[in-house]
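Going by the order they are written in, the chains are A, B, C and D; count residues from 1 in each one.
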Amino acid sequence: MATDVLAALRQEVLEANLAIPQVGLATLTWGNVSGIDRGAGVFVIKPSGVPYKDLTADDLVTVRLSDGAVVNGDLRPSTDTETHRCLYLAFPSIGGVTHTHSTHAVAFAQARRDIPVLGTTHADTFNGPIPVTRDLTAEECAQDYEYNTGHVIVDLLAGDDQRAVEVPAALVAGHGPFTWGASARKSLEHAIICEAVADIALHTLSLSPTAPPPPHLLNRHYTRKHGPDAYYGNPDPAVATR
Amino acid sequence: MATDVLAALRQEVLEANLAIPQVGLATLTWGNVSGIDRGAGVFVIKPSGVPYKDLTADDLVTVRLSDGAVVNGDLRPSTDTETHRCLYLAFPSIGGVTHTHSTHAVAFAQARRDIPVLGTTHADTFNGPIPVTRDLTAEECAQDYEYNTGHVIVDLLAGDDQRAVEVPAALVAGHGPFTWGASARKSLEHAIICEAVADIALHTLSLSPTAPPPPHLLNRHYTRKHGPDAYYGNPDPAVATR
Amino acid sequence: MATDVLAALRQEVLEANLAIPQVGLATLTWGNVSGIDRGAGVFVIKPSGVPYKDLTADDLVTVRLSDGAVVNGDLRPSTDTETHRCLYLAFPSIGGVTHTHSTHAVAFAQARRDIPVLGTTHADTFNGPIPVTRDLTAEECAQDYEYNTGHVIVDLLAGDDQRAVEVPAALVAGHGPFTWGASARKSLEHAIICEAVADIALHTLSLSPTAPPPPHLLNRHYTRKHGPDAYYGNPDPAVATR
Amino acid sequence: MATDVLAALRQEVLEANLAIPQVGLATLTWGNVSGIDRGAGVFVIKPSGVPYKDLTADDLVTVRLSDGAVVNGDLRPSTDTETHRCLYLAFPSIGGVTHTHSTHAVAFAQARRDIPVLGTTHADTFNGPIPVTRDLTAEECAQDYEYNTGHVIVDLLAGDDQRAVEVPAALVAGHGPFTWGASARKSLEHAIICEAVADIALHTLSLSPTAPPPPHLLNRHYTRKHGPDAYYGNPDPAVATR
């Protein structure tokens, strides 16, 4: 049974990784998605530096949540593995993590600016701006750099799991976006939306440097898709997952 | 006979919805097209939150114009259904409605700026700027939000059917474009053109913040494609519809 | 023999028209290419408003150069036919004409700004800025509008065939680019390059509002591809045409 | 054996050239990649002006490093061949060279601005800004123009092979990017990354005209991928090369 769960997880993580170049979020081998099996205490992640076109389920690496040890797989896991692990440890609601270098989200990360909430496209998914972290210190870069990359995100959200659920994305300053969600697939969806809203925000800011829409509009959009009063989508699981 | 009409309508609405991602106007499941059979008093619309790649004619939902009741279909209709219904009720000339979150049109909607008429590409289709609505009030967001989203468009056009025919598009402030036309297919075409002229307008404004072309040029382009003296295209219906 | 020439011309014009959407220069049915057989005194052009995906060689329309009469074809020729005819009459070196509404070139046309020579990418093909015409007058719009659209281009170049050869493109103010060349295929190539240099120029101007490169560099690039000392490409016709 | 080496080199150079349009870096026939066999004292390069879709291994031209003579091939080599040869002679670590006219990198070249290091996406590959050369003089344009195009790059790097290894790219002022690497394939990868970081940099600068990230972050990213302490990727050659 545990094996079956893990096989399904590997398949979902594979598909989410293969989707990164298909949706235009990756250059070369950049980007990675992981998904966690909290019952088994492990997560599955893309190997480091393998071209997407060659990636198979067998290439994925299984990593232990508690200490980062590789428990299955012949290849070295993504260099960003420790960032994923840090986020999984800090935020219990997270089931998947995606990291990309998508053009417009990286531009905000490099400019050290939050992606502001400028409309309903953003509010449909993110209940607030997509925030940018502080810079890592020289010490944080010298030692456990990748784990500390997760740490500045945890710092940014004050370790608050509910904030991580409501705004499932952050920009690491000078680096790029990390997104997460209830599953690997949802974390990828959030990466796609993060890039889309960054693209639209850049154009909006060029037309109108300050353009905050009314909060009641944004709140309406967030709540019609999330929480107890959500009415977007179809409840049929066969539809929801296909 | 009515059934045949409806079957043809379903097919047209299906194809128009499937075209949204093909022409690059959609992210994930965003966007929807509907088409109306005024004789039968119903319109056909995309279900809520179903991925385009899985969408079939059977998934489409038939909604009654008079009260919004679902009269056919197993799935929940698009959350934007009431907006479509409001537009159909207000403007008798409308045969189809399209809503997207296309990047450049949304940028204008978020900046609360009309898409100005800057050249013949715009004037070929739209006889004036593509206007942006006022913000919805807190009350309009709290109750019947989606119907009120249509209502602010109707307000913007003072409920004038002829204005809706001449400028078959509007931007809902802080949200995005709604377009319409004589059929579902035409409403989609207007969504494509709305996005194209928004894209070109953004570049034009970066080169020249104010660049209005002479009205006689714009008028010539609109009238050579529309109205009694139109001479664009080919009258052969086999050509026009294929 | 004349029939064979015309059959080859129709095929080239068809392929050039079909390439417009393939290279991303067209939205919907926008854009058209023609090619001329000066011996026969006719040119072949796309019909008006036919979707590219349905276009066949049989749909193309043959038009007499001297008076614009349709001499072959069941469909109405492009509304822009008279513009093509005006250019063919004014510039004897022209063998093909292309018109598009490509995004970045249209932005310059709408902003009424020449596309300046900012580097060798431009100078490889165009021996000077791509100029923008004056506005058409109200009279020129009211009568023979499409022919007058060609006329303002001829005006802009002072009817000088050699200038048309050296800078095979112009922007009609408030409208968009027309390009031409020794053949239909070359006119299409110039449309592709016109759009590419407009795109690069927009980015260049955002980085550096005035950035003229040294004339000797530009001249070197133009002359290594054009004129008696050209050494770009391969002389083998089999290579040149495949 | 030497023949086998050369056959493998031709295949790699062919694939790298064919990848240029696939990754969106080329317009028409623009762009070229070469690879060198230093043992044999020759390099293999794309012929001049041949469309990518028609390019075969047999079309590639083999050129002698010492004097630029064509030693194999029926077609004229790329007009940029002497630029490649100059770079191979100056920098012994170089195994491949790529030249493109990719949109955003050309914009920086035309604006005569270095592509600044604005984040880790850049620092992962380039250990410093991608610098822009001085203008070529009128004399350098008049005689041996293409060789001198390489010369201004060598000048820019003070002929320092180690600098060429650490920042494997330069922008020729008013022209565009040249990139290089240990192999033809790596030089192409650097062309792809050069364009990606130029694109992101343009957006970053529009959000924040000056946004230098901390040097320790950039250094960490460069050193985790390059040099003795690199830990990115997988050592398995089967993985690395597939």
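In this section, a residue touches a chain if its C-beta (ideal position, glycine included) is under 8 Å from a C-beta of that chain, and two chains touch if they have at least 3 such contacts.
Just so it is clear, the structure is predicted and the values come from calculations on it, not from any experiment.
Trainee: Using only Cα atoms to place each chain's centre, name the chain farthest from subunit B.
Mentor: D
Trainee: Averaging only over C-alpha atoms, locate the centres of subunit B and subunit D and give their separation in whole Å.
Mentor: Centre separation, subunit B to subunit D: 46 Å.
Trainee: Using CA atom averages as chain centres, what separation in Å is found between subunit C and subunit D?
Mentor: Chain centroid spacing, subunit C to subunit D, equals 33 Å.
Trainee: Two or more other chains touching the same residue: where does that happen in subunit A?
Mentor: Residues 206 of subunit A each touch two or more of the other chains.
Trainee: Pull out all the chain pairs that touch, please.
Mentor: Every touching chain pair, ordered by label, is A-B, A-D, B-C, C-D.
Trainee: Using the touch definition from the top, list the residues of subunit A that touch subunit B in their complex.
Mentor: These residues of subunit A touch subunit B: 118-121, 189, 192-193, 196, 199-201, 203-204, 206-208, 211, 213-214, 216-220, 224, 231-236, 239-240, 242.
Trainee: Could you please specify the touching residues of subunit B with respect to subunit A in the complex?
Mentor: 27-28, 30, 47-51, 54, 74-76, 79, 101, 103-104, 106-113, 135-138, 141-142, 145, 173-176, 202, 205-206
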